[in-house]
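Quick notes on the structure that follows.
Each chain carries a letter (A, B, C and D) given by its place in the written order, and its residues are counted from 1.
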Amino acid sequence: MIKTEVIVGKLRLKNPVLVASGTFGYGDELIGTIDINKLGGIVTKSLTLKPKVGNPPPRVAETPCGMLNSIGLANIGVDKFINEKLPLLRNFDTAIIVNIAAKRIEDYCEIIKRLEDTEGVSAYEINISCPNVKEGGLEFGTNIEMTAKIVNATRKLTSKTLIIKLTPNVTRISEFAKVCKEEGADAVSLINTVVGMAIDIKTRKPKISTITGGLSGPAIKPIALAKVFEVFQNVDIPIIGIGGITTWEDAIEFMIAGAKAIQVGTANFIDPNTPINIISGIIRYCEENKIEDINDIVGSIIVETFPH
Amino acid sequence: MIIKTISTILSNEPVGENIYRIELLSPEISTASKPGQFINIKVSENLDPLLRRPFSVYNVIDDRIQIIFNVVGKATKILSSKKVGEKIDIIGPLGNGFNLNDDFDTALIVAGGLGIAPFPFLTKILKEKNKNIISLVGARTKSQLVLDGFVNVNTATDDGSYGHKGTVVELFKLKVMNNDIVKTPSAFKVFACGPIPMLKAIIELCDKLNLNCEVSVEAPMACGTGLCQGCAVKTRDGKYKLACKDGPIFNSKDILL
Amino acid sequence: MIKTEVIVGKLRLKNPVLVASGTFGYGDELIGTIDINKLGGIVTKSLTLKPKVGNPPPRVAETPCGMLNSIGLANIGVDKFINEKLPLLRNFDTAIIVNIAAKRIEDYCEIIKRLEDTEGVSAYEINISCPNVKEGGLEFGTNIEMTAKIVNATRKLTSKTLIIKLTPNVTRISEFAKVCKEEGADAVSLINTVVGMAIDIKTRKPKISTITGGLSGPAIKPIALAKVFEVFQNVDIPIIGIGGITTWEDAIEFMIAGAKAIQVGTANFIDPNTPINIISGIIRYCEENKIEDINDIVGSIIVETFPH
Amino acid sequence: MIIKTISTILSNEPVGENIYRIELLSPEISTASKPGQFINIKVSENLDPLLRRPFSVYNVIDDRIQIIFNVVGKATKILSSKKVGEKIDIIGPLGNGFNLNDDFDTALIVAGGLGIAPFPFLTKILKEKNKNIISLVGARTKSQLVLDGFVNVNTATDDGSYGHKGTVVELFKLKVMNNDIVKTPSAFKVFACGPIPMLKAIIELCDKLNLNCEVSVEAPMACGTGLCQGCAVKTRDGKYKLACKDGPIFNSKDILL
């Protein structure tokens, strides 16, 4: 029996495979279609204080081995989530990680306050890295002081595991991870989407209504992996790896590079069973390689030289 | 209930200029499908094209499901070259389907271009329900008209090569004005599918004539299953609905194209 | 007859399609295989003052719709280029843009001095953005003061067109483009490769000897396009677009986003005829869309809202 | 001269466990090819897999060219499922090929695993040149031994299912020591192809015995035509050569694996 449990902050995950925010609804969409209980955890769609209708269409476009999105954080708002979704999710034997987005520090705090009063939240993931909203979003995630302030403020409000979701659209992501650690975050998840763009050459209009959007999918996997390794090498904080993970081999790559857990995003759109297949693939890999504890994979990269 | 299955291709044939029809063996999805729903196809095992592609259920025959498509880009090109016997990964049936419980005697089907896709199946079910059917089908030219599965058909072609010379919207105007529809609008229900400009025009006319109308709306999709919020369609109250879950069939009164 | 000439700084290109540095050797490799005279121009492999043997293997690895490379600027050095390659290249009716890399400002300057004494160089492209060398490279390209200094110093040495090649591995590329303009550069070319990584899960070793490498190919096209548009919107300087361009449609996308010329890189590896095919594709597009002058495409994007 | 051509697949058949042989119609490349050279194949029109894949010229028969390959990843999987009559985009012949102008009477061919690939073609040309040939072929197990086109063959399998039980390197040692090779090394030339550890061992032995030896080296490649500098192979003087241009055939004295 392979030991698959991993610990991220105070959070025990029965296995390291989570589903990424915004790619699995609120966790209820696929009830009956896939076996939710097998997941290491669910990260919810980003919740804001008030409901948001999101950006005008077109919101998605395919690019080579990837996709652009500009959903604009369309969501039902934290209250409706608490009342209508959380009661359902509580019944599942999986971690519920609530992803939070806001335009102002006070709003991040208010959302956490409301969630602290309820049952069933396993951890928070703070989204400071959405490229598709005018305020907050990337402006926070590319600003190191703002990042520090948000972590500091939210940390004070909860003893639950606090995960900060970082953007790759910065020169040195490890500086951001460092600040997160200093301000008391339990973990970082990386990466959110990469700013990208596509144009319809017939109409000469952008394929996404907000002109640029967030690039996700296999195309960004090498970028995400480099960011995970950069943080792993430079900052002593648990990492949740995200970006283009589609197969169990991809997941193993991220774990070898230093990720304690991983999230599956865009791949859910292609096959909602991807996370389940990844879990069994990882277990098979452990068996074949005589690895008894999945944690032994984490950061097991063999390097001779060092990157610059 | 969403069904994901590896389905066998039973036939793949050109049925018009650049238009192909594929028949797939899929007992589960066939049984579960309703007219207006769609299936989502992964055309390649590799990562390019990456996302599934949505196609209306063109018809259901026993345990087989048919789709019809235009070759417009890489996924449809790959699909058009699939051989009989090859396997293909499909998810379905998706979306809401047409509402046939309204009180109407006559269905007025309006199809532009590949907007024909959902109607052979709809026609079949309407016939079972003993509804009258009037079909208006438009295409750019005769070689792109695929009329199998339609009944009581009036056609329009942009170049006049077959039927009325002009658009299906003009044909719609002609038929509606020469008919008793304007007098007894409640007896009629319009079902429309086609390019956005055509749907806009039809919706405007239905608004004016106070006709009950459902349209099938195409929006770029990433998941087809309500996960991504990508397929937003604007509603008249300034919010959005999802083409893949709340649609692709919408009542014309609800949306703003 | 479509007018295909574009002007970048003082450089007249007979058409906007160039081949990117490091993906076409010194321009002589494919003589006889493709019709060099049809190209808008050739950008040479980066030249350094002294020859460089480059990085240890493995130097390349495929990733989804892309590839990683860490060649480490293997090149014959500027003197050998002048003596052995330039005499050949001069015979072709195409622009010869010499790409220059160095570890120190003085070396950039020395290389230009040597090239100024010869015939046949149409323009310089200064590479301050190579991710695969320990010194110089990215350290220069992610540092705005250093960027300013290099542009300033090299600008003084030549009246030829000076193009600065920028890295996407920064938070705001337009700030770098702005500095380039202020210091007198004639144009910017973007983007160089994106830092990326891949791991062999059998050996747990990086697939590239330097651990991280530069990601190129179709995967990065949306990223490159967003960077081109960011600079186009914010800085008034001619842009040469690079990144994943594989088809004429890709090239048109870059031009619509604001690129005056484009470079084909990785696609040359798959089909060395790509640049030629792109040129005819662009001309066909102009004919079909009744565009008489290719310059009318440049920056012709139609946007309703503005990106954030 | 590099030739890029769209070639028709004339046959594609399994010839061993997970091993396929494809025959391609390509008069231009067939005529131009020498043993040891390779062709570079774009297996899909789509962007995944992106890069071409290199395969040794296994044999040339009139206007046809053959390759043989192991299914190890996505490109070789796609190749293995190609049907007769399909077209495929190839570039070739690439690389330098074996040097047959050296002064030797007997060729000692050493192949490990799919390292057999360049040798049927080499054997054919050596026979034309009236050289003696001794072939040593190793594989993991019998079902992975493909001996067509070899002459005077000695085999080794890791599991002993056919021939000598052990590696082809051990077989090489046995043969070399029991032979007059050590006495008249200049009459012999070794041609080796296989995994890096095998080549390393063979090179070491040839160094020791002062045997003239050429090896075919695989390196990850992006272009195959000298454009990218990706396929570096270390030389004994601490520099690099390119497997695609300076190789893939190297004299064992020149390189450091």
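We adopt the following convention: a residue touches a chain if its C-beta (ideal position, glycine included) is under 8 Å from a C-beta of that chain, and two chains touch if they have at least 3 such contacts.
All values reported here derive from a predicted model rather than from experimental measurement.
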Smallest count of steps, each to a touching chain, taking chain B to chain D
1
Sorted by label, the chains bordering both chain C and chain D are A, B
Measuring centre to centre with CA averages, how many angstrom lie between chain A and chain B?
36
Roughly how far is chain B from chain C, going centre to centre by Cα mean, in whole Å?
46
Dist(centroid_CA(chain A), centroid_CA(chain C)) in Å evaluates to 33
Please set out, as single numbers or ranges, the residues of chain B touching at least two other chains.
47-49
Listing for chain A: what residues touch at least two other chains?
64-66, 217-218
Among line, ring, star, complete and other, which best matches the way these chains touch?
complete
Residue positions on chain C within touch of chain A in the complex are 63-66, 68, 133-134, 137-139, 142, 169-171, 194-199, 201, 203-206, 209-212, 215, 217-223, 225-226, 229, 244, 249, 252-253, 256-257, 285, 300-303, 305-308
Chain B contacts chain C in the complex at 47-48
Chain B residues within the chain A interface of the complex
1-2, 4, 42, 47-52, 89, 219-234, 238-240
Inside the complex, what are the residues of chain A that reach chain B?
22-25, 29-30, 32-33, 45, 53-62, 64-67, 69, 71, 74, 207, 217-218, 246, 266, 268-273
For chain A, which residues count as touching chain D in their complex?
64-65
